[in-house]
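First, the structure itself, so that you have it in front of you.
So that you can tell them apart, the chains are marked A, B, C, D, E and F in the order they are listed, and the count of residues begins at 1 in each.
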Amino acid sequence: MKTRFIRKTIAYTGVQLSALWAYMNFNVQGNSLVAFCGPCEISFGHMVDAADVKERSRIASRHMLHFIAEHFDLDLEKAVLRQRLLASIVRDVLREWRPKAKVRREGDDLYDGRRKLSISIATLSPVSTLIHFGINIISAGAPVPAKGLADYRIPPRRFALEVMRRYAAEMDSIRAATTKVRGANLEG
Amino acid sequence: MKTRFIRKTIAYTGVQLSALWAYMNFNVQGNSLVAFCGPCEISFGHMVDAADVKERSRIASRHMLHFIAEHFDLDLEKAVLRQRLLASIVRDVLREWRPKAKVRREGDDLYDGRRKLSISIATLSPVSTLIHFGINIISAGAPVPAKGLADYRIPPRRFALEVMRRYAAEMDSIRAATTKVRGANLEG
Amino acid sequence: MKTRFIRKTIAYTGVQLSALWAYMNFNVQGNSLVAFCGPCEISFGHMVDAADVKERSRIASRHMLHFIAEHFDLDLEKAVLRQRLLASIVRDVLREWRPKAKVRREGDDLYDGRRKLSISIATLSPVSTLIHFGINIISAGAPVPAKGLADYRIPPRRFALEVMRRYAAEMDSIRAATTKVRGANLEG
Amino acid sequence: MKTRFIRKTIAYTGVQLSALWAYMNFNVQGNSLVAFCGPCEISFGHMVDAADVKERSRIASRHMLHFIAEHFDLDLEKAVLRQRLLASIVRDVLREWRPKAKVRREGDDLYDGRRKLSISIATLSPVSTLIHFGINIISAGAPVPAKGLADYRIPPRRFALEVMRRYAAEMDSIRAATTKVRGANLEG
Amino acid sequence: MKTRFIRKTIAYTGVQLSALWAYMNFNVQGNSLVAFCGPCEISFGHMVDAADVKERSRIASRHMLHFIAEHFDLDLEKAVLRQRLLASIVRDVLREWRPKAKVRREGDDLYDGRRKLSISIATLSPVSTLIHFGINIISAGAPVPAKGLADYRIPPRRFALEVMRRYAAEMDSIRAATTKVRGANLEG
Amino acid sequence: MKTRFIRKTIAYTGVQLSALWAYMNFNVQGNSLVAFCGPCEISFGHMVDAADVKERSRIASRHMLHFIAEHFDLDLEKAVLRQRLLASIVRDVLREWRPKAKVRREGDDLYDGRRKLSISIATLSPVSTLIHFGINIISAGAPVPAKGLADYRIPPRRFALEVMRRYAAEMDSIRAATTKVRGANLEG
C-alpha cells in the first residue's frame, strides 16, 4: 500500500473522509495511508459516528496530526480491525520515543491517564473503507482533558512517517501471512 | 464471544488447531478463545505454516501458555488481523504487569531484545478461522534464544484470564463499532 | 439480537426504513427487530420496491402493525431469506392464536383467501440490510381487498411481542447452527 | 434451480450429503433439490452435526422421504436460512393436505405434539452448501417418539413433488426480489 | 441472463449507468446486457471514472453502439473481469466479421493501430455492478483519433445481437463451470 | 502478482493443481502464474472436473506447455472469469505471432478448426483458487484431433513468457481499475 505525508496544512472537517480523496487530491491511487497536520472541527453533516450525532458532541482540536486510510474492500469489520491496529501502532511509536509516557489504547482511543490524545472513526464508502485517526498536537482548548504530541515534544512529521512506515509494513505482512498457510483439519 | 481457561495440562501438538475443538472437548460453542498450559511439540503433519514445513523447522517449547481462538467466518485476512490484535493485547498485559520488560511486537511475534517469547499462526478450517498463540512459560531448552512468563514471574493462569478478558472485550467493541456509523460520501 | 415495541403511534412513510433508525431514535444498537403501530402511506420518494415505483402503486393502510428489522451485513439475498422467515413466523403466530383463520404465505405476503393482510420489502442500506413488514390492523379503506388483526380480534402489541420473541430466537438458533457442523466431504 | 424425484430406494447413510452428489449420480447440475425414499442410518463417520457426534446419538429411521439440497455458494448462514424455509414449506404442505394435523416447526425440526417427524442438517462442502431434510414415512422403530407420512396417509412421492415445486419457486422468487429494489437511505 | 436491443435512439449521458435502469425503462429484470445506438456526451456530474474527472477529459462521440450490463452482486473486481471479457468478445466478433481489421484489446479499450474504437467503465451501484461499453459507429469528430463500425461497414444492430448472444452464453457457461468441480487438495 | 518459468520438465499429473504448490516447490509466494513444459496424464484421483470423472475421460498429451495460476481468494466464479481471460490472452499471443492460424476461444478451450489445442480447469483449494491451462506442444498421439505449438513453430518458453507478462499486467490493471471509480447512482 502507499503512504504520503502532505506538507501543507489542511483543516480536517470530515470532508476528507471520502472515497478517493487521496487519489483526487494527491494522486495517491489504491490502498493508502495519508497524513497531514491541521485544525479539526467536524460539522454534524460530516460526522459519521452516529453516537456523536445523537449526542450532539463537539469534535474539535486546535492542531492535530491526521491520518486517513483507504482500503478497497467493503468489509466494515475488517476496517475496524485495521483501525485498532493503527491505534496500537501509534501508541507503540509514542512509547518507544517517550518511554516515560504511560499511553494506553482503549479500543480506538489513546489516553495518558485521564487525558485523551486522539479521535478516530472507521466507516464505509460506496467503493472502499475509510479510517480517520487524529492525534492532538496542541492539547490546549480541547473540549475534554487532552494531551498532544507537543506535550511530549514529538515532531509531528517524523512521527507520522514512522507510523505510516509501520502500518504499511504491517498490512503487507498480513497479506503475506494469508498466502503461506495450509488449512486446518476439522479434527486432529 | 466465549472464553475458557482449561486447568488440565495439554500438550500442544497442532491437533488442537482444528475446527470445533473447543466445542467437542469443552462444550464451548461459537466464537471463542480458550487457554491452557502444556508443552509444545508440533509434528510436520500438523504444521500449518508452509514456511515451517519447507524449512523443516522444529517448533517446540518445554512449557507454554497456549491460546486457541476460533471465529465462525471464512476470511483468513480477518483472522490474521485478529491474531495481530491478540499479540498486541498479550504484549500490553505483559508490559503493564512488568513495566521494566521491554517486550515488543513484530507482526505476530513477541520479542524481548533478541529473545523470542512466542509462536503463532492463523489459518482456515472448512467452517471457521483458527488462531494459535503460544507464549513460553519456561524458556530453557527452546530451539532459539527465548524468554518466558516464568522469567518475568508472571503466573500463567491469571495472565491468561486477563488476556482473554481483553480480547473478548475488544472483539465485542469491534462488532459494536460496525453498528453505529453512517457511510461516508464519495466526495466531500 | 435486540427487540423493542415502541408504544407511541408512528406513521410509516418509508422514512423509517433507513440505516440506524432504531439506534438514532430508540437507542437500539446492533441487529434488531422493532415494532410499532400507525398508519401507512409511502411516498414515491421513499418507495424502495422498483416495481411499485414503475406502476405508481399506492401503498397505504389506515392502521398497521409495523416491524422494522436491521441486520449489519450487506447481503441482500440473506435479507430476503430472513424476510420470508419473518412472514412465516407472523403466519404461524396468527394461526396458532386463531386456528380457524386460513392464512397462507405467498413469498413475502400473507393472504386469507383473496384478502391481503400485509406488505413487505427487504433492501440494502450503505451499512446494513433492512426489512419492513407491515400487517393491517384495520382493513377498511385499503386499496385492495384486505384483512387485518382487528378482524381476528388479535391485540397488536401482544402479537408483536410474540413475533419478535420468535424471530429473535430463530436468528439466534440459526447463528448457533453455523457453529456446530463439520464440513461435508466432496464424495462419500 | 433444478428438482428431481429419484424413484429407486436409496438408504441414506450420510454419504449422500456430499458435494456434486446429484450431478455425479443423477446428472442434475447446478443448484438443486433432489428427493428419494429409503431407510436412514447414519454412521458416526458421516455425521456432520457435532452435537450428535459428541453425544453418540443414534440417527435412524426405518423408512423416510429424504431431500438433499445443494447451492453453489459458501455461506453457511444462508444455508441454514434456506433449511428453515424448507422445513417451513414441508410443514405448510402437510397442514394444507391434512388440516387436522397440528404439525409445528421448531427451528429445523417438525413436531406433532411430542412426536418428532423429521431430522435435518445444513453444512458446507468445499464447493457448495448442502442440506439434508428427512421426514419419516414409517414412524415405528424410531429411537424417539415419532410420527411419519404413513400415519397421515400422505403418499411420499406426490408430497415430495409438491415440496420441491414450492422450494424451487421460493428460491426463484427470492433471487428475483434481490433485483428490483432501490437501496435505502442512511436517514429519512 | 437477459439481453435486449433497444431500437430507439438514446443519447448516452452517463444517466443510463444507474441501478435498475434496464428494469425501470424496459422491464428487463435481473442480470442483463442491453444495447442501443445514439450519441455520447458525458457530463462531469455523471462521470464515474475519477481519472477522467481529475483530468477534465471530454468523453464524446457523434454516434455509438452502447452496451449496459448489470449484475446483481457487489464485487467490483468481478465486474471489471466481466468488462474485460465483454471487450474481448466485441473484438472477437469484429475480427471474425472483418478479418483484415487488426483490432486489438488493451485492457478495456479496443484499438486499430493508433485509432481508438471504444470507451468503457465498470462501477458499483448500491445494489449491483454496472458496465458501460461504447463502440463508435461514426468516428469523425471524436476528441482522439478514432475508428468506428461504419468504417468497417458493420451494421450496428446485427453486431450488437451477436455480441449479446456470446456474452450471455459466456456468463451462463461460467456459472455452470462453478457447479461441476471438485475442490483441489492442499498438497498433491 | 508473480510469474515464473520453470525450465525443468515436469509431468503434469494433477498433483500440481494444489494449494501453495508454487510456494512449496519454487518459493513463489502470493498470487502467481507459473509455467513449465512436460507430458500430461491425469489420474482419476486427481481429476477435478466432475464431468471428466463421470465420463471416465482420458486426459493426456505427449508434451504440453502448462500454466498454473493461484489467487488467494475463495471465489470460484472469479477464478473462472480469470481462466477465460487467460485463455483469451493465450489466443491473442498465438494469433499475433501466427496471423494465419485461425485459433478461436470457446469458453476455456482453444480450437483451430476442429482441432483442439488446450485443456483447462479452474477450482478451489481450502485457501485459494487454482487454474490449470495446458496447451499442446506436440499434437500427435492426443485422444482427440489436436494441434500444438510445434505445428505453428512457436517456441514454448518465449510464448510462455509473453503470456505470463500479459496476464500479470491484466490482473494488475484490473485491480487498479477497482480503485479509481465513483459509485453509480440508483437513478440518473
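Note that contacts are C-beta pairs under 8 Å (C-beta built on N, C-alpha and C of every residue); 3 or more make two chains touch, one makes a residue touch a chain.
Model, not experiment: these values are computed from the prediction.
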| item | value |
| --- | --- |
| Those chains which touch chain C and also touch chain B | A, D |
| Fitted rotation between chain C and its twin chain F in degrees, CA, nearest 5 | 180 |
| Pair sharing more residue contacts (C-beta pairs) when D-E is set against D-F | D-E |
| Separation of chain A from chain C, taking each centre as the mean of its C-alpha atoms, in whole Å | 39 |
| Averaged-CA centre spacing for the pair chain F and chain E, given as whole angstrom | 25 |
| Set of chain D residues in contact with two or more other chains | 19-20, 23-24, 50, 53, 72, 74, 76, 124-127, 175, 178, 180-183, 186-187 |
| Chain pairs in mutual contact under the definition given at the outset | A-B, A-C, A-E, A-F, B-C, B-D, B-F, C-D, C-E, D-E, D-F, E-F |
| Touching residues on chain F, where the partner in the complex is chain A | 19-20, 23, 29-31, 72, 125-128, 175-176, 178-183 |
| Chain F-touching residues of chain D, taken from the complex the two chains share | 20, 23-24, 27, 72, 74, 126-127, 182-183 |
| Touching residues on chain A, where the partner in the complex is chain C | 50, 53-54, 74, 76, 124, 126, 186-187 |
| Chain A partner contacts - residues on chain B that touch it in the complex | 13-21, 24, 46-51, 53, 75-78, 80-85, 88, 92, 96, 104-105, 107-108, 121-127, 130, 170, 173-175, 177-178, 180-188 |
